[in-house]
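My questions will all concern the structure given below.
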Amino acid sequence: MFSLTVRRHFMIAHSLPREAFGPAQSLHGATFVAEVSFRRRKLNEDAIVLDIGAAGTMIEKVLAGLNYRNLDEHPDFAGKLSTTEALAEYIAQSVAAKLKDDPDGGQLTGIDVTLRENPDAWATYTLDLPAA
Amino acid sequence: MFSLTVRRHFMIAHSLPREAFGPAQSLHGATFVAEVSFRRRKLNEDAIVLDIGAAGTMIEKVLAGLNYRNLDEHPDFAGKLSTTEALAEYIAQSVAAKLKDDPDGGQLTGIDVTLRENPDAWATYTLDLPAA
Amino acid sequence: MFSLTVRRHFMIAHSLPREAFGPAQSLHGATFVAEVSFRRRKLNEDAIVLDIGAAGTMIEKVLAGLNYRNLDEHPDFAGKLSTTEALAEYIAQSVAAKLKDDPDGGQLTGIDVTLRENPDAWATYTLDLPAA
Amino acid sequence: MFSLTVRRHFMIAHSLPREAFGPAQSLHGATFVAEVSFRRRKLNEDAIVLDIGAAGTMIEKVLAGLNYRNLDEHPDFAGKLSTTEALAEYIAQSVAAKLKDDPDGGQLTGIDVTLRENPDAWATYTLDLPAA
Amino acid sequence: MFSLTVRRHFMIAHSLPREAFGPAQSLHGATFVAEVSFRRRKLNEDAIVLDIGAAGTMIEKVLAGLNYRNLDEHPDFAGKLSTTEALAEYIAQSVAAKLKDDPDGGQLTGIDVTLRENPDAWATYTLDLPAA
Amino acid sequence: MFSLTVRRHFMIAHSLPREAFGPAQSLHGATFVAEVSFRRRKLNEDAIVLDIGAAGTMIEKVLAGLNYRNLDEHPDFAGKLSTTEALAEYIAQSVAAKLKDDPDGGQLTGIDVTLRENPDAWATYTLDLPAA
């Protein structure tokens, strides 16, 4: 099994208004470093998982919708908690939706998103695609 | 599938008294950086794998039993080799035991512990929990 | 010359309301990783620059005043821009003020604060102390 | 499940002469950082996955065949594209072949090779061994 | 004293045809990670060293002249050795030349370029500017 | 000004038997990652600070005297505290002594040693050489 990972980052404000989050209930923010992995059983004719430039563009388009935003006012998180785990799932699903336009998209078996919120904490969401 | 990872470190002395370990047979030491991951299929009502503060506390309690110790004289390693691999398993099992007191503990499907002993070497132990 | 560096992080929301900041004019946030270095010509009787536990406590006290806050509403930044550079200076000056209570404080010749805002950008402020 | 990972690097020139690779069609190069993981269900009598010194030697022998080379003229890549993904597979297969001489080789269930080509991109090849 | 650092990378082929370089005499390559620091005594009116977007653009323009190239055929290195040290100086001088068009350029006191060629080796060139 | 940095690591046991060190008074250990920088005003005829292979060998010889040792029983630390700061100075002085046999040694203006003891703490010793 092969995977290709591309890394990008984005910077947001948000609050986590549940008692469980203690001081993170107040408005604060984060730099999230996103590592997005694309999985595939066999490489394509160019000996790659997918075009790394196309992968980077897909990820950047998804992250551009989050970057420099206050997620408390973001329509996609209305009534939802923008935890690191939830953001990882959101990014994986959003990138998966963009894969439909990629010539290699149908061959991919999964997308994994690791979101690092600080040097000591990160979360991962693993999404299996139909080809899996 | 989701996972949350929390990183902490501890510093110990030990020896590895078997011929296979060459110079590491003598008393030396290590800074171990522990990355402890908790796996879960679906997030809880707070959109998290488990409380990150609780996770950190569990890990710190386990590592406090090792930190600033000579493992050659540690009762839990009497007659055992404290290799990186064995320490990773020990930490995973010890954290798993503490999970029983956590409200989300029963939903977790696994714990993975990666122990980095230097920039060029690390070991991982993967523990599947009953909910897996 | 010796230096001792201690690393901590904090997570804040803020905006940078000047045309020069482009999309960062809107409310967003950051995880700042702070590396605080203490400089000294000769070590003390314990062969250290200063007590690393005391250093960590001083830094944590300073960062606790920033962590999980919206800096746009922080009194210390009223009418000021909370750029990475300005925050580095603020932290260095705040730690320097706390040094007055440290037995080794009078021997230190400087404090350097590097603030990493994402994997590709960071700023440093270098503060020379009276002993320099 | 246990794994042991050993990290090494090598530096090569190559070109990727297919339209898909854009500017990487021209002769350029890379520092590849290789993280080679060995997987095993149970540890051996020395409480390790395999001898870390032996693992390092096996990896170094494989990488010595690539290091400081122009892969466009390397016989093992004649008529093949030396993409990061293809190199990861090549290294995994080459290390697996060397495992036959290792006393623990028959117990290993897999080899994973992650090749980092720059801070923002890497690829992984996962090889399951007969013992899996 | 303040500094702002921006990080980018580039990938090149080259050879170092002098006996001193041993195996690096043959054509090989490298991923160079460049950390370019801009120094200044006092911040500008926007509380920054210089516009980080402008800094990134200057660096990218300089690195675009090197990226995906064989430095053995690069006119700027004709008859010269493209060692890590020499490349760091070249980048610092090239960025300094571009600073003349930046509104903050005249206030900068120096540029430092650190070039990382692999996890275990890097070089730095320190350039003092006229304002120093 | 130029510098070349080479990174290596070593693993030791030691204790710090003074009240100031709290739990570190007991026998424990550390992985120390050493970054040794060599400074020079102008490059040599090969456009380098010094031969990187020779630099690595010098550092390895110095660290071989520490690696896999209990510093409490090391003759060079008899009656001395092996703090991170003291070890950094020891390594810088030991490497400086070896420079006398290097053809470029007389041109070097300084040696800086940064010793990382864990992800959150490190110390640096700066040694100016006669050519400075």
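For reference, chains read A, B, C, D, E and F in written order, and residue numbers begin at 1 within each chain.
Operating definition for what follows: a residue touches a chain if its C-beta (ideal position, glycine included) is under 8 Å from a C-beta of that chain, and two chains touch if they have at least 3 such contacts.
Every value quoted in this text rests on a predicted model; they were computed, and no experiment measured them.
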Using the touch definition from the top, how many steps at minimum link chain C to chain F? 1
Would you mind reporting the rotation angle for the C-alpha fit of chain A onto chain E, rounded to the nearest 5 degrees? 180
Remotest chain, chain A as reference, centres from CA atoms: F
Same vs different contact residues, chain B with chain F, by half of numbers used: same
Can you work out the whole-Å distance between the CA centroids of chain C and chain D? 41
Averaged-CA centre spacing for the pair chain E and chain C, given as whole angstrom: 27
List the centre-to-centre spacing of chain D and chain E in whole Å, with centres computed as mean CA coordinates. 31
Multi-chain contacts only, two chains or more: what residues does chain F have there? 7, 119-120
Using the touch definition up top, name the residues of chain F that touch chain B in the complex. 7, 9, 11-14, 23-24, 26-33, 67-70, 117-120
Give the list of chain E residues in touch with chain F in this complex. 18, 20-22, 80-81, 83-86, 88-89, 119-126
Counting only contacts in the complex, chain E reaches chain C at residues 1-8, 37, 43, 46-49, 51-53
